[in-house]
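Structure, as C-alpha cells:
Letters are used for the chains, namely A, B, C and D, taken in the order the chains are written, and counting of residues starts over at 1 for each.
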Amino acid sequence: MAGNTFGELFQITTFGESHGEAVGVIVDGVTPGVDLCEADVQVQMDRRKPGQSSVTSPRKEYDRVHILSGVFEGKTTGTPLMVMLYNQDMRPEAYSEIQHAFRPGHADYTYLQKYGIRDHRGSGRASGRETAGRVAGGAIARKLLARRGVHVLAYTQELGGIACQSFDEQAIERNAVRACDPEAAVRMIEKVEQLAEAGDSCGGIVECRIRGVAPGLGEPVFDKLDAELAKAMLSIGAVKGIEFGAGFSAAGMLGSEHNDGMCAEGFMTNHAGGILGGISTGQDIVFRIAVKPTSSISVPQRTVNVQGDEQEIRTIGRHDPCICPRIVPVVEAMACLVLEDQYKRQAAMLG
Amino acid sequence: MAGNTFGELFQITTFGESHGEAVGVIVDGVTPGVDLCEADVQVQMDRRKPGQSSVTSPRKEYDRVHILSGVFEGKTTGTPLMVMLYNQDMRPEAYSEIQHAFRPGHADYTYLQKYGIRDHRGSGRASGRETAGRVAGGAIARKLLARRGVHVLAYTQELGGIACQSFDEQAIERNAVRACDPEAAVRMIEKVEQLAEAGDSCGGIVECRIRGVAPGLGEPVFDKLDAELAKAMLSIGAVKGIEFGAGFSAAGMLGSEHNDGMCAEGFMTNHAGGILGGISTGQDIVFRIAVKPTSSISVPQRTVNVQGDEQEIRTIGRHDPCICPRIVPVVEAMACLVLEDQYKRQAAMLG
Amino acid sequence: MAGNTFGELFQITTFGESHGEAVGVIVDGVTPGVDLCEADVQVQMDRRKPGQSSVTSPRKEYDRVHILSGVFEGKTTGTPLMVMLYNQDMRPEAYSEIQHAFRPGHADYTYLQKYGIRDHRGSGRASGRETAGRVAGGAIARKLLARRGVHVLAYTQELGGIACQSFDEQAIERNAVRACDPEAAVRMIEKVEQLAEAGDSCGGIVECRIRGVAPGLGEPVFDKLDAELAKAMLSIGAVKGIEFGAGFSAAGMLGSEHNDGMCAEGFMTNHAGGILGGISTGQDIVFRIAVKPTSSISVPQRTVNVQGDEQEIRTIGRHDPCICPRIVPVVEAMACLVLEDQYKRQAAMLG
Amino acid sequence: MAGNTFGELFQITTFGESHGEAVGVIVDGVTPGVDLCEADVQVQMDRRKPGQSSVTSPRKEYDRVHILSGVFEGKTTGTPLMVMLYNQDMRPEAYSEIQHAFRPGHADYTYLQKYGIRDHRGSGRASGRETAGRVAGGAIARKLLARRGVHVLAYTQELGGIACQSFDEQAIERNAVRACDPEAAVRMIEKVEQLAEAGDSCGGIVECRIRGVAPGLGEPVFDKLDAELAKAMLSIGAVKGIEFGAGFSAAGMLGSEHNDGMCAEGFMTNHAGGILGGISTGQDIVFRIAVKPTSSISVPQRTVNVQGDEQEIRTIGRHDPCICPRIVPVVEAMACLVLEDQYKRQAAMLG
C-alpha cells in the first residue's frame, strides 16, 4: 500500500496540504447500519482546532465537517464514508520567506530529498494540519467502539519538565493543556506563556488509557496490538517515542517485580500495560508517548538554504509553543483506528 | 494481511512453534541476481543461538540453515526464498506442568483468550524461538543492504540497572552480554550470574545505530520510517518501548535545544535520531528499545489455572536471565527488513 | 485492505454514491515532479459523461474536475492527489418507486443481503456513477504511462450481435458507439436506437489493445499481469468475462498452432495476447471483455419486493441501451491503473 | 505485497521451483479449533499428481504431505500452518538442452526479461509444479468451507474441440479427463492419446460450480467476488480467459433475456452466474475458464536462443498433452481460497 492509507479492515486514506484547498479522509470498512451524523465527527474536530486558548496557535482553522458519502438516512451503509474539511484562513504568502531555507526540526529538507520537489506553504503535507483527516476518521471509529464498550482517553502527563502528580479525569478537558492534574496544569500554562513570550517551545509526555477492551485483540507475530499502536503513534509528527505499561522503567526491574501475577479476580498488577504476547489481556491498555518541542520557534537558528549557503532563520507564524494539548485528540483518534481495525481482524480470525 | 507476514515489497512470512518440527521463513521480493549462499544466513543464526555462554540458556538450538528455493547457481532469482530450520532438542514433555496454569508475564492467558486453544509446549508460537525465521530473513535483507552501503548495528546499552559509559564497537561481540562498554559488560555478566543463581531475571535497554542510509527513505504520512521501525521492534516479544534520538528526554527540552541546526557540512547535531517528518535525513538512525525482564523465573509466583483456581508456579526450564544479548541480532534483523523494504518503496515512488 | 482501494503502489481509493453530494478519488503513490493539470483529467471525464449522443443516457452528469491536493505549481508532489467531482442533476425522488422492489439484473438484492441496509437512490454505490473516480484516477496513470511510451486503447468490438469487420483507429472516437469499424458502427447505432424505442437493451464486447509496454511487467505467481488485469476488468459492473489473445478460442487449438514461435525479429504471432507466464512479452497486450445488456429496461419484468411479494417492475429513468460506448474509457482507466502499478512494482523488484 | 502471497485474511504464501528441493505453502489466518490432519490435504494432493493415467505425464511427483506447524493435537491453533512437499524424481539434467533457447508458449523469455536470470530446470518457478502449494492451501480452505456448507466442484467441460453434452457429477472423477459427460470423456481420451502420439497438445474449457454460498459475499467496488475469482483463475498458468454465468454469450443477448427475474421462490434463472454487483446472490456460482494447449510439445518449432540466433526446438520430457484434467483440482483450490477469504472479509465487515 502507498503511505497515506492506514488500517487493514477499518481503513482510512487521507489527503491534503496545510495551505491547499482542503484536507479530508475516506473511511472504508465501516460496519453498516450504525447511527452516524456530522455532529459525531464535529465534536472531535472542535477538540483539535487551534485558537482555543492562550496556549494554542491563534490560526483560525474552523473545520466544518461535511460527510459526502457512506451515510443514508442517518445510518452507515457499509460503503466508503468521505469526510471533507475545507481549509480556511490560508496564508500561503506568509511562508514565502521559508521557500528556500530549511527550517530546523521540520521536514523541509527530507521532503525535498525524497520527492525532489516541495510544497513549502506551511509545511504542505508535513503540517500538523494533516492530522485533521485522522481525527475525523478516528471519530467514526470511536462511535463504533462505543458500541463495544471501549473508551479511549488521552491527556498531558508532563509538559516542559512539569509532571502531573495526580489523576483527575474530569479536569482534563477543563484546562488548556489537557493535563490530568489541575494544579500541575496551572504551572504548565505559565510555562507555555513564558515560552511564547520568548519565542521558544517545549516538549512533553502524553499518556493514553484505554478501557473496556476485550481480551484477545492483536494479531501475532507481526501485527501485535502494541506493534500496531506503536506504528500509529510514531506516524504522528513530533512523536519521538512510546512505552507500554512500565515501559523503559521495566529495563531496571527484576522479573519477579515486573511479572503481573494472577489471582481469582484476575491480574494483580498491570506492568504489562494491558498487552501480553501482543494480545490484549482485558485490563486497561496504558501507554505514553514522548512529544518533542514544537519545531517552529522565533528564536534565531542556524540553517542552510537549498543552495547549501548558511543563513540564520526565525520561524515566524502562528504556532503552538507546546503541541501536547492538541496532540491529545490525535492520539485518541489513532488509538481508536487501531482498535476498531483489530476488532474486525479478530472477527475475521474467528469467522 | 494475516499477522505472520511483514513488509510490503521485501516481505517475510514466518511459521513454526517452539517445540514443533521446524521453524522457518519465506522471503519474497528479493532482488534477483545477487550472490547468496547458506553461510550468509548461517552466520546470523549462529549469533542468535542459545548456549553461547554462561549468560544464555543452555538449550541446544543448533540452527542449520537450509535454503530450499529462490537461489540458482549461487544467485537469487527473484522468486521466493525459503529458509528451513528444523527444531532440535525438543522436550515437549518438560512443559506438561504448565499445561493448565498461566505463567505470569507469558502469553499463555492471552493466546487462550484469543484462539480458544493453546499449544502449551514451550510457549508454542509465542516463544522466542519464533524469531529464528526473522533472523534468517533479516540476514538476506542485510546482504542486500550491504550493496547499498547500509550497516546495522545493535548492542546492549543497559542491563539490570548497569548502563554503558563508553562506546567500543569492537567490544560488542566479544562480551557475553553484547554491551558496547567492556567494563560495564563485566559487571553486567556478574549481575546475570547472580540472577541465574537466584532464579530471577532482569531487563535492559538495547540501542541500534544504522549507518549509511540514504536521505529520503520513509513513506509519509502513515508508513513513516520511524513508524515502521517502531512496529517492527514492538513486534518482538519482551520489547516494551522505543525512542528515537533524544527520545523521551526530548519531553524536557526546549525547541531551541532540540532542533538540529544545519551548516554547510550538514546537520550540526542529531537529536532527531536521523529521521525528520518520517523520512531519513542521511544521518545515523539511532533508536533504543526497552526490554522487559525475562518472564520465565523459578522464583515462586501467584497465578491461576485454566479453571481460575489460584496456585503457585515456578517456571523450570532453560532460560536466559536477561534476553538483551540474544535480542540484539533480532533487533538488527528487523531493522534490516524495514530498511530494505523502504529502499524498494522509494524505488517504486520514484519509478 | 477494504474493498474501495485498488492497486499496491499506485493506488486509488474511491468514494461516492450516484445521488449523493459527490464522487471522487484519492490517488496515492504518484511519482513526484510530473506536469499535471485539471485539463489532463477533464479530457477523460468528458469522454465518460452521458448525454453525448442519441445512444447514451440524457442524464446531465457534467463532471467538472477539481484537484484539491497533491499538485503544486503545476507539478505532482508525491503526496496524495484528490480529485473531487460534485454530483449534479440528482433526482433521488425519481427512484422512490424502486425503494421496496429488487430490479432484475441490479445489485439491489445483494447489497441488502450483504449490508442489511441499502441506499436505493439510483443504485447508490452500485451505480455506474461510481466509475467516475476510476476514470479520474486512470487519467493520472495515463499521464505517467505516456512518459514510458505506453498507449492504452479500447473500443467496441461487437454490439447487439453486430461484430466489427475492420479496424480503423481514427474512427473510434468519431462514432457514437466507439466501434473500430465505422460501417458496423452505423448498424450498431440503428440497433441501439431500436432498443431504446422498445425499452430494451443489449450487450457487447469491448477490446483493449495496449502498445509500448516493456517486457518484464507482472509479479508471479499470484499477481501476474493478466491476473491483475482480469481483476480490474471484472471489478467493473456489467463485465461478465475476459479473455487474453486467442482466449476461449485457444480451447480448440493445438499446441503447435497456439504457441507463438520466435525469430530474430521477435515473436512471429501473438496468440498469447502479449503475456507469457503472467509477464509482459513486449508485444501488444490484447484482451476482450464481455459486457452484459444494461439491466435497467422499461420492458416489464417479474420480481419481488423486500417482503418477498411478487410484482411487476419497469425501470424508468435515463439509461444507456448499451453500456459499451461508455465503458470504453473505464476499461482504459483500469488498464492504465494496473500498468502504472506494475511498472512501480517492477522498479521495486529490481530496486 | 510481493507476488507470492494470495488472499487478505485467509492467506497463502507459496515457494518452490520445479526441480529444487521442495515446494510448499504457509497458510495464515486459519480459524482456530478446527479438526485437521495430513490426510485432509493428502487427498487433494493425490488428485493433482501426475501419472494417474494414460493422459497425464508419467513423471512421478508423489507428494507426501508434511504439516510442520499450526496444528496441535489434531486441531488448528490459529497460527500459520506450514505444508511441506519435498520434490522427488527431479531430473534437472534433462533440461540442459533448453538452457539457452526459449521454448515457445513458455515463460522462458519473459522470466529472463523480468529478472535478468532464469532457473531453466523444468521451468523453475513457472512450472505447473508450483500449483502443488496452492492445492495444499486450498485443501485447508475446503475443510473450513465444508463447515459453512459450501461445496466447490470443477470439471472438464470441453477438450480438443469435444464438448460435454450432459452433466453426470458422479462420472467426473471416474474418467481420466475429469469430464462431466462420460460419453464425451471416451472421445476426449482418444483425442489426447492421438495427440500424445503426434507429440502435439490441445486446450479445453473447465467449468466450476460452487454450491451453498451464502448471499452477501464480495467486497465492492474493487474486491468484488467475481473480480477476486477472475484474478485467482488467471493466476493459474495456461488459463487465458474466464466467464461468469452466460459470460461471452451475454454480449449477444437482450436485457429482457439476460436479467434474472425473481419470484417468491427466489431467482428464476441464473444468467448472472450467482453474482450481482460483485456480491453472491445465494445461487450456485458458475464460471468457465479457457485453458490453452500445453506449451511443451515435441513437434519441431521455431525459436531463438539467448543470443537471438534462430533455431528449431522440440520440447522433450514428460508432459500432459492436455492440462485440463490436472488443472481441475487447482481451479477448485483457488476457488476455495477466494471463498474462505471472502467469508472472513464479510465477518469483518459486519463485525
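Just so it is clear, a residue touches a chain if its C-beta (ideal position, glycine included) is under 8 Å from a C-beta of that chain, and two chains touch if they have at least 3 such contacts.
Quantities reported herein were computed from a predicted structural model and do not represent experimental measurements.
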What is the graph distance from subunit B to subunit D, where chains are linked when they touch? 1
When contacts are scored as defined above, which chain pair ends up with more C-beta pairs, A-C or B-C? A-C
Approximate Å spacing (C-alpha centroids) for the pair subunit B, subunit C: 46
Suppose each chain is reduced to the average of its Cα coordinates; what separation in Å results between subunit A and subunit B? 27
Inter-centroid spacing, subunit C versus subunit A (mean Cα positions, whole Å): 38
Specify, in ascending order, the residues of subunit A that touch 2 or more different other chains. 1-5, 8-9, 14, 29, 32, 78-79, 114-116, 125, 220, 345-346, 349-350
Hey, which residues of subunit C end up touching subunit A in the complex? 1-5, 7-11, 13-17, 20-24, 26, 28-29, 32-33, 66, 68-70, 72, 75-82, 114-119, 124-125
Residues of subunit B touching subunit C in their complex? 8-9, 29, 31-32, 78-79, 220, 343-351
Contact footprint of subunit D on subunit C as seen in their complex: 1-6, 8, 14, 102, 104-107, 109-111, 113-116, 125-126, 130, 158, 160-161, 195, 200-205, 215-224, 226-235, 237, 240-248, 250-264, 268, 272-273, 275-282, 290-297, 299, 301-304, 308-310, 345-346, 349-350
